[in-house]
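In the two assemblies presented below, chain A is common to both, partnered first by chain B and then by chain C.
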Partner chain A sequence: MAYNYELIPEHELVSASEAAKIAKKFRTPLEKFPKILESDPQAKKLGASAGRLIAIHREDPTGKYVYYRYVVKS
Partner chain B sequence: MAGKDKVSLNVAPGEAVGVVAAQSIGEPGTQMILRSFHAAGISSLITTKGLPRIIEIVDARKRPKFPMMYVTLQSSIAKKYENVRAVWREIEEVKVSSVLKSFSEDLRAQTMTLELDKEKLTSYEITPRFVASRLEKIPGASVSQDENAIKVKIKREDMKSTRTAFVDVRDASIKGVPGIPKALVQQEADGRFYITTAGSNIAGVMEIEGVDKTHVYSNDIFEVMRVYGIEAARNLIAHELYDTMSDEGFTVSFRHPSLVADTMTHVGTIKSIGRHGVAGEKESVFARAAYEETVKHFTNAGVFGEKDMLRGVAENILIGKQISVGTGMVKLAIKKDDLKNVKAKE
Partner chain C sequence: MQAEGIDYIRFTIVSPETIKKMSVAKLIVPDTYNEDGYPIDGGLVDQRLGVIDPGLKCKTCGGRAKTCPGHFGHIELVRPVIHPEFAKTIYLLLQSTCNQCHRVLLSEEQIKELKPAIKTYVAGDEEEKETVVPTETQQIQAQVLDEGSKAQLLKKLRSLKKCPHCGAQQAKIKLERPTYFYADGNRIKPDEIRDWLQRISGDDLEPLGMDRTATRPEWLVLTTLMVPPVNVRPSITLESGERSEDDLTHKLVDIMRINQRLEQDIDAGAPQIIIDDLWELLQYQVTTYFNNETPGVPVARHRSTRPLKTLAQRLKGKEGRLRYNLSGKRVNFSARTVISSDASLTINQVGIPRRIAENLSVPFYVTLWNIEAAKELLARKEYPLVVNVISKEGIRKRVADTNREELEKIIAPGFVLERQLVDGDIALFNRQPTLHRLSIMAHQVKVLPGRTMRLHVSVAFPYNADFDGDEMNLHVPQSLEAQAEARYLMQPKDLVLSPRDGRTIMFTEEDEIAGAYFLTKDDAHFSKDEACIMLSNIGITELPKAAKNGMYSGKSIFSMVIPKGMDFDEEYKGNHVVIKDGELKEGIIDARLIGMGGTLIQHVFSEYGSDATMYFILNAAKLSLRVLLMEGVTISIRDYYNSDFVNKERVKIVDEVTQKASMLLEKYKNKQLEALPGYTKKETFETETLVALEEARGMASKTLEKVLDRSNMAYLMVLVHARGSVLNLVQTSMFLGQQAVRGKRPSRGYTARTLPYFKRNEKSPEARGFIRSSFFDGLNPIEFYMHAMGARDSGMTKSLVTAVSGYLQRRLINALQDLYVDDNLSVKDASESLIETIYGGDGIDPMQEQVAKEM
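The block that comes next holds the complex of A and B.
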């Protein structure tokens, strides 16, 4: 069992130019990335508006990796 | 396992990870039906365990059947029982009905007479005056209190709304965190006390002094999403699935529940697996029709002129084409110039 607070991974706002590079790397338009709502507590904390990309630094039993979520209007 | 053999954890392109995850969770799941039994009376707090819990998570119920929380206290007071007890008193919700000895209702006069139980009041450390002050907050209520007797007069239009108002009086919360009908103080092996609760209200509990805000656990996935965000909810789904299975003695690789959690939270909110969620909102008409409610999906697709791009697995099996999984995912092509060389050799 892990406490809820410990389940929040580090969120990081990605710059627009960096986001374009990531979209190219995955060969997927940003709109098709997993989504996060603008009203999400973590997105609010970063002050992310719709259309931005958030990098999530996850760490779990399978290893460390970066996951991306595209900010959408709620 | 973490970081030990990175290469073995990598997955080949085109691997059908969804099917592997489904089978890896589903196979132990079939055994869980046979083995699970009811633990009635063993634990003082009931929670859903085993297969029912897994179904509950995957179906994305708005509330768990038995929501519960673990509340850890700040280390300065966690070892002193008296202090922990004081926090517990702040948490457990006390309703008017739980300190009542008897009551009578007069619908015509719109008055309700409550007689409070003295012993219960002292055990909760509440004075009758305090109860009366709380009841005054009900709109349209005028309260008069004398010792343990409280008279509440409620102004309402008709008899029906008077009746519901009377029920509201008995249901009114006097103290504690709303949504937590029961809390228990328990002790850890190292002597520290913590509080377990039936019912979940993360924001409410965190407001109470003495609670360690970073060490609160709730099993209510939707509430975690509201308070901490979608990523925390996703991690809770994955961990809950993983933990419920390992509690029953089944080891699953974490990547399988992890994939399920990612699929469920893909759109930014929690969607259930199944007809009303992930499976029912697929892009392909054929894939949806192959799952459930076949006729409905075909007629709707006909009426609205939907297109099917035949990109997924189910629709390609249906029409008898090679599925785009594994080696079926790659397409071979030859450059026009190279074609000339091939012909020349012949």
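The block that comes next holds the complex of A and C.
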């Protein structure tokens, strides 16, 4: 699996308390965040189980920003 | 009966009992009106079904034509009939139940195994949390009920030879479209089918995918037919006084007539064959009543051979109830005419013909503070008239000369006047196809003489409009909220920058660019008279500072339209434009600055705002047009004469590329040509030859650019990006160059050649669409043919691409339409699902921010 390819942005596991704060910030429950499968290589690498939140640190021509994905059962 | 909210809607099958309960009349007479033109009791326009004639009273609710909503009736069918739209469902039921004991063809164990799976499948979201996580086997079984595997289960049931319950031999059921069923080749009649379905137990319905609390399978075979109220099928009285019934009424008469005859024949003890024939006919009538386009059924026709429009036809398709009446609505307060241009209107205005303005109205809300103005308006006897007066109670009165004074006395705060459209009103202006938000913009009305709606040429671009007969629509927002929304969000002056990339999409074009060049070129000087004419034309009554010789430089005149105190500095391709303190010091104003994506317009917009931009575009365009009018640009055939040098070059270029092509051919024939990766040698030869021959145009362009200068008006227009390109010049005066079909040299037509004038498999430039002649010289027949091939190909491709990409965009828009940017700059959809954490990855709105430079 391509865990560390240069085009894959950095994935980071968010703690549960932090995730709750983020959900509050975006005023929408975590279930309504973009999803990522538990079986996704990046989720596996981080050992993220369903219900956790993954922060993706993206950098593209528009700028640097954080994207979130909610881990779901595959 | 008004519901606060709808929790859920359940669609089920109506039982005969429900039909009877709903029905207010059992219909028995297959006719409509008697000789006196009075509705027959028990006929199809029975007065208990509601009334549509004014003056009559509904016998059910006592309401009149306007208040009676209509009531359902019913017909009792003498013999049951298959509901044609459910034939397939019935087929599935017959196949999966035993023909003897009418149980599902599943053993008890199988049913038990399936049960929990069905439960989780049916329960859905609501009970998701309560239900225990299904075991793996159950999950697999749940999948069995998924669409795809449902068919697999059925296949299994169909292949069963014996009933697992009673052991009875199973017959092979066949469905012959639309409504005939056979068991091992013997016809099963609808009444037998009904009996069969009736005996399927409620417990067995679940594994069959039916909801036992809602539906019984035997209801799929009709014994009573619901008759819609007359409101649904109104009859029309023709001018001659003759009545013309609705298609549905006709169809229902047919059904009842056959039904009656069938009853009489059965009572009279007619032979079975005759009864069966009539029964079949009844089935046909009912089938076409539901859907007159049922496959395999002859279309029922009107006397005039016109096919009848029955229930399904009313709902289906583009002209059906759903797409025509429910998704598509017609509106009031709108207008449509041909558009034309008007350089004197701002981009924010729209010129409206007086006749349209007189026909459109806008509400005027009377308050304590404007009651005097309201009275004055109401008293008027010509053009901006008050059309209607609406009282506080909402009673609308039309204003006429006879009641004007009377109305004047009674108006008070809280009244609403409807007055004709006047200058300054806001109106939405639209051109179809409405592809983006700039296809509908809010303009300020300017009432003008004439019959066309007028707009400034600079807003024609976002609408993609031209004036060769285009028509556009106008809508007048009525409520104050709508007007405010239009004013704040939709005015062209606020939308100068593109939502795509933040570059200007309202700009000057063509003549205006050419004019700006003549005005701002370095040696442009104008007399005081000329300067006065030019500036007074745009409403400026001051003169700039004159030069020492008493003349006015063009740059100083152009500076008059630049916002006061503006600074700007930009260099592109040797044209260094410097504006200091609102003065154009250096450089030539060209399309780069005030044309599409013009940086100067963009600068004005971001530094001085929408109004300044609006007037800058208006004045710059108008001023430039005036200059062009005074200077004049003429092109003639002389601009396309070639010098001897160019003619020599022309031959040289053509020789050079054809030589290159023949060298490639030589190499190819000698098998010396190295194939490009992924291509055959033949393909390599073709692409390389094409590249070599296409080079000719570029070489010719360079030659022309070397030779031509600004004294050649055609070339001048190219240089300032007013109109035309170097390629146009090359093709008119030098040669057309290589034609292409599907991105390759033309090769098809005759066997192994394009035309019979060539040898088979000839690969010379001429045989494959290279044109040496120019438009000036004219083309020889072969060249003409090659050119036509290229032109047809590009024409076809273009029309195909627009259709395909148009539909693609429509789908994209539909998919993305409920996304919105929340106030914390995140993007969400209608269900509040997060789509993006920050809009576009940077939270920048291109329409507001000057981002083009950075991109």
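Here is the rule we go by: the second predicted complex is superposed on the first by the 70 of 74 C-alpha atoms of A that agree within 3 Å, B and C clash if a C-alpha of one lies under 4 Å from a C-alpha of the other, contacts with A are read in each partner's own complex, and residues count from 1 in each chain.
Convention: a residue touches a chain if its C-beta (ideal position, glycine included) is under 8 Å from a C-beta of that chain, and two chains touch if they have at least 3 such contacts.
Every value quoted in this text rests on a predicted model; they were computed, and no experiment measured them.
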In the superposition, chain B vs chain C on chain A residues touched: B
Touched partner set for A:63, first chain B, second chain C, both or neither: both
Contacts of A:43 with chain B and chain C, given as first, second, both or neither: first
Touching partner for A:32 - first (chain B), second (chain C), both, neither: second
Partner chain(s) touched by A:8 [first = chain B, second = chain C, both, neither]: first
Contact residues of chain A, present in both the chain B and the chain C interface: 34, 60, 62-63, 67
For the chain B and chain A complex, residues of the former touching the latter: 1-3, 6, 9, 70, 72, 202, 213-218, 224, 226-232, 235-236, 238-239, 243, 253-255, 258, 262, 265-269
Chain A-facing residues of chain C, complex: 822, 824, 826, 828, 831-838, 840-842, 844
Residues of chain A that touch chain B when the two form their complex: 1-9, 11, 34-37, 40-43, 56, 60-63, 67, 69, 72, 74
Chain A - residues contacting chain C, complex: 25-28, 32-34, 58, 60, 62-63, 65-68
